[in-house]
């Protein structure tokens, strides 16, 4: 029984564009491989937005890279589970197949717009490149399409800026270029890893709105990786909280915010600044243990106020209350 | 000048392209030097200069090709000559119809007079001192030249031979070309210079009007290849027909084994002398100088260099010169005696001698052997290594405690003795040449011998001079080295190559390449 | 761009002046003078003194300096003390050889060094990495005079692919090119190690950059990612090294020129120094220093081509 | 990431494998330390007196008695290489050290103060760089003669501009950083800021560059030997042996090749150290 199979949140569901099943990703430290993502499962349907939330080092970016097949060679590897993108099993596929999927049926936007674009290549070409690669367009046709894409993401005077270089663009504009780049081949799945973190607040909103707009228009399945619960609240359909490589809680956004159930989720919410601002911010005590020092059971145990003896054993994901879509991994919060 | 280079380059280009290689006979000669020294025959003194001068010029008489002996002089531009009974007046009858290279016309007595006067003038010649005894040179008629001497000299024919100052240049050319004559020499020889590329090569073409007949070789390319190994490889690969060989046993053996190669080891030899500075401590003490003489094992030196190319020294003058006397006994190798002498001189624990040394590898190598030999008797030869020109300059400023110097000279004892052992040649004097030891013990004999009319008396004086110099240990002879040249068998010089007064093979009208 | 070049050239004048003055002073501090080279070692001290007067070498050093500088200012390099040939002629005769050797060596160094560096970076700590690093170091560990002879022994004497005497058939363009191969290889080896090192570390850095991840996320084949995305960014340090070596090679060409029997500025400088041909040496040093200045300007201009962030104002 | 002893037992890999994966630095240190040890121990481990000539053994090829053959004077090449290591390594270390110290001090001062001082330094550096090294070496032999000291000077002189440039560049970058302003605000003297605050921050880079420059210095010695700038005989240096071997390269290639291999080994060692240090100070590199 996996979470993905139980997840039938949208009744008239199309088949999911992205299915991740029992994914385990390992990281090498010295000569030993450590589990950095432990058997996580989820699915994202077209037009749906799944937010992956957690502190840095919790494994959310690794999950994204695993899906893309972009784990740094020799340092990270997928050691178990299955990743299916638009019906293609990425884990079983060879590298050429994965290459043909990346940028075509699955796109990704990275956190750092300042460094994610190649400084020595013109913007237009960078957007056009995947069209030339996957669609076999001529350079001219691809550049023409790139201009349309840049217009789509509202880059002003797109036509005249095809030959411009990244350093001539502001951060927000660059992130728009990144979005255009990721969308170039009309992918089915888009992964956005902290797409707005590096941007000014006002720009953040614009970029988020743009993403949401494009997603609905293009029917994308969006996997949004963020540590910002405000962003989650505003754009996500569902949310999944990760800690130390485990999914500790997942569910529809509304249910999650209404009843955050894992102690870590609670702590995250408590640490989030609010507009009303009455309650003082509560930082989460302690730090995420390093990979080499992870507890074997519940990985949050070292920082958890509700810790008890059973926490030495990993709790299963169980429904919160009677909501089958809202799951939590905690002995203390498990429904009796 | 610029036009000249362009024209020459264009000519070379045309030759290279238009003429198939088989059509002309090109002789390529490889020389161990970075560049030519001087092409002006009256200035040419280095090993790389002398052979090419011999291809371009003639003297009144010439060394028989393949010989380095004064006994074998034969007519060249002069057909015949007479000398007066007192030996002071010489009359030369010139060959008629001899043409200079290019358009510089016929050689006449005027050219001979001009050339010999030029050779006698230190402003235009490096050999002026050879002509010190000449009182007058006159053209009697266009084909007769008279030379009058102040006093008899040991070998007058030697100074009018095709060697050093005796080479005859074109008066018109020398006057018209002026200072550029040094790169555009004009002579009467079998080959004429057409191109000089700095650091690279000299190209000569046959003088079709050569008075002994048109040369069979059409062109000579004389290449400067200073690196021994690459010169050897170019010879092995067939890119050189004739090559200057290393004065080294292993070199000779290696090339003797190669097919179609002839290695020729020829006279004259260069004598390596270790000049001891008698004006500087500790070599101002005869006993220390003698200790060095006893400590030197020239047999071992020869063994290091190899018996094929090196000879033990016989005197302080190279073997085979007119006046070299083997009776003047050298010190035997006797390290015990050396140590005893050192102790007697007050150095029982050894003594250090500071010497300046050139960084030229061949000379440095010889010094290393000497250094090791002297060390066994407790003499510490401390070398200060400087570059070659600095060394030349500094040893002439009397800055070195002793000095290793290797040289061949005109093969008459007089020249060697005067330049190296006569007090007038002592360094720092205006008349200085290469007397580094401040030797002055045989001035009287050297001077008397140079004006002696009786050859027996003359030889006797030279013998005494050598004996005195050896006894006073002005210099310790180390070893002699012969000249080594190799050619491919398809090259025939046209004579037996046994001696090379010009330090290299004379390429004549008879030389062929199949 | 023209203005940039002119400005740089003007800025280089003090450098050239300083080089010239330094050379002028140095060669006069050096013991020895041209008289031995011109007169030979049998000339008397008196004859040599006469020649010194004639060549103006016995004038006060300041007067000589003034003469020299005023001559240079008229654009005349003067005449060689030992051959009396105009120095400009000698320089022009060898300059093409120097230029072709230097450029060819740069090409060799780059063509060998860059792929080795990329290969090493792609296979970090793998066999290829070790091979590339050791091979490139072997290229510099053997001094040029030894490696040159070894190359000649194998390729010119045993295999007969190339001539031993590089300048023998200079009039024939094909032969001339053929003769250039071994010297260029030999001289180029000098810079392979450094180019490999810079390329490798640059590539290692570039391959870990975010934009490389972006490129991979586009589904580009790894080859394309490596060369189009990562490598393009390493061009700047590579150009820096290559530019630097342009100067280094001009100076280090001497050994290669000697071993392969090629004329060249470097070899001429050595000869001039060995003969104490002051005027020739000074003239050549001006040319050599000027060439290095030009090389620097060329390097800076190239930055503008390989990196859009650099503008050559 | 700091790595405590891993829990999973790592498979024992070969020495080479271990070294290549993470121990390049260790291997480099091993090579260099071994070379230094050989140099120091030369008097005890050299099989022969390096200067003992033997006319019967001239240029004899390698055999069991003379594993690396003999030279033109019948001297044992192995012994000469061992003894030569002393001079060659010494020259390399001292020349590099001199280059680093002089270059860095000038570079830091120049970069820190800027202005006229800086301009003069830059101009002087340009002039130095306009002299090709070999020409500089030739001039030095001509002016000063060939000696150990002059050899060191010739090599150090080429290192100085490189270190000036590096130190100057880093200092200029550092000067813009806040902590320098903070130091100034605290009233620290320029000297103190430059050498107690700026210098330690560029030290990493300096050490890496110095290790690589040392490799170059050891190699340069053989090139300079060719033009006559070496240590007076009979003292042996690696470059000197290579140079002497060149005269007999076609008869006795071992004379040039073995010392060249020694140079290669040390260069590899120093480059590994350089790379290792760079990796250690570069936060991007894995581990």
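Letters are used for the chains, namely A, B, C and D, taken in the order the chains are written, and counting of residues starts over at 1 for each.
We take it that a residue touches a chain if its C-beta (ideal position, glycine included) is under 8 Å from a C-beta of that chain, and two chains touch if they have at least 3 such contacts.
If you're wondering where the values come from, they're calculated on a predicted model, not measured in any experiment.
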## Note on the structure
Greatest centre-to-centre gap (Cα means) from chain D is with chain A
### Message
By Cα centroids, which chain is closest to the centre of the whole protein?
### Response
C
### Summary
Note to self: most contacts are between B-C
### Message
Taking the mean of the C-alpha atoms as each chain's centre, how many Å separate chain A from chain D?
### Response
50
### Query
Measuring from the mean C-alpha position of chain A to the mean C-alpha position of chain C, what distance in angstrom results?
54
#### Entry: Inter-chain centre distance, chain C versus chain D - centres from mean C-alpha coordinates, in Å
22
### Query
What is the distance in Å between the mean C-alpha positions of chain A and chain B?
89
#### Entry: Overlap residues in chain C, where contacts from two or more other chains coincide
30-32, 145, 149, 153, 208, 270, 273
### Message
Could you pull out the residues of chain B that touch at least 2 other chains?
### Response
227, 229, 233, 386-387, 389-390
### Multi-chain contact residues (two or more partners), chain A
72
### Summary
Residue set of chain D touching chain B in the complex reads 51, 53, 55, 58-59, 72-73, 138, 141-142, 145-147, 228-230, 232-234, 243-244, 246-251
### Message
Can you tell me which positions in chain C touch chain B when the two form their complex?
### Response
30-33, 36-47, 49-50, 82-86, 88-90, 92-94, 145, 148-149, 152-153, 156-157, 160, 163-165, 167-169, 171-172, 258-261, 263-264, 267-268, 270-271, 273-276
### Query
For the complex, which residues does chain B have touching chain C?
1-2, 5, 9, 12-13, 15-17, 34-35, 37-38, 43-46, 122-123, 126-129, 179-180, 182-183, 196-201, 223, 225-227, 229-230, 233-234, 236-237, 239-240, 386-390, 392-394, 396-397, 407, 409, 419, 425, 427-434
### Query
Okay, in this complex, where on chain B does chain D touch?
227-229, 232-233, 250-251, 254, 300, 303-304, 357, 359-362, 364-365, 367-369, 371-372, 382-387, 389-390
#### Entry: chain A partner contacts - residues on chain C that touch it in the complex
208-211, 213-222, 224, 228-229, 232-233, 235, 306-309
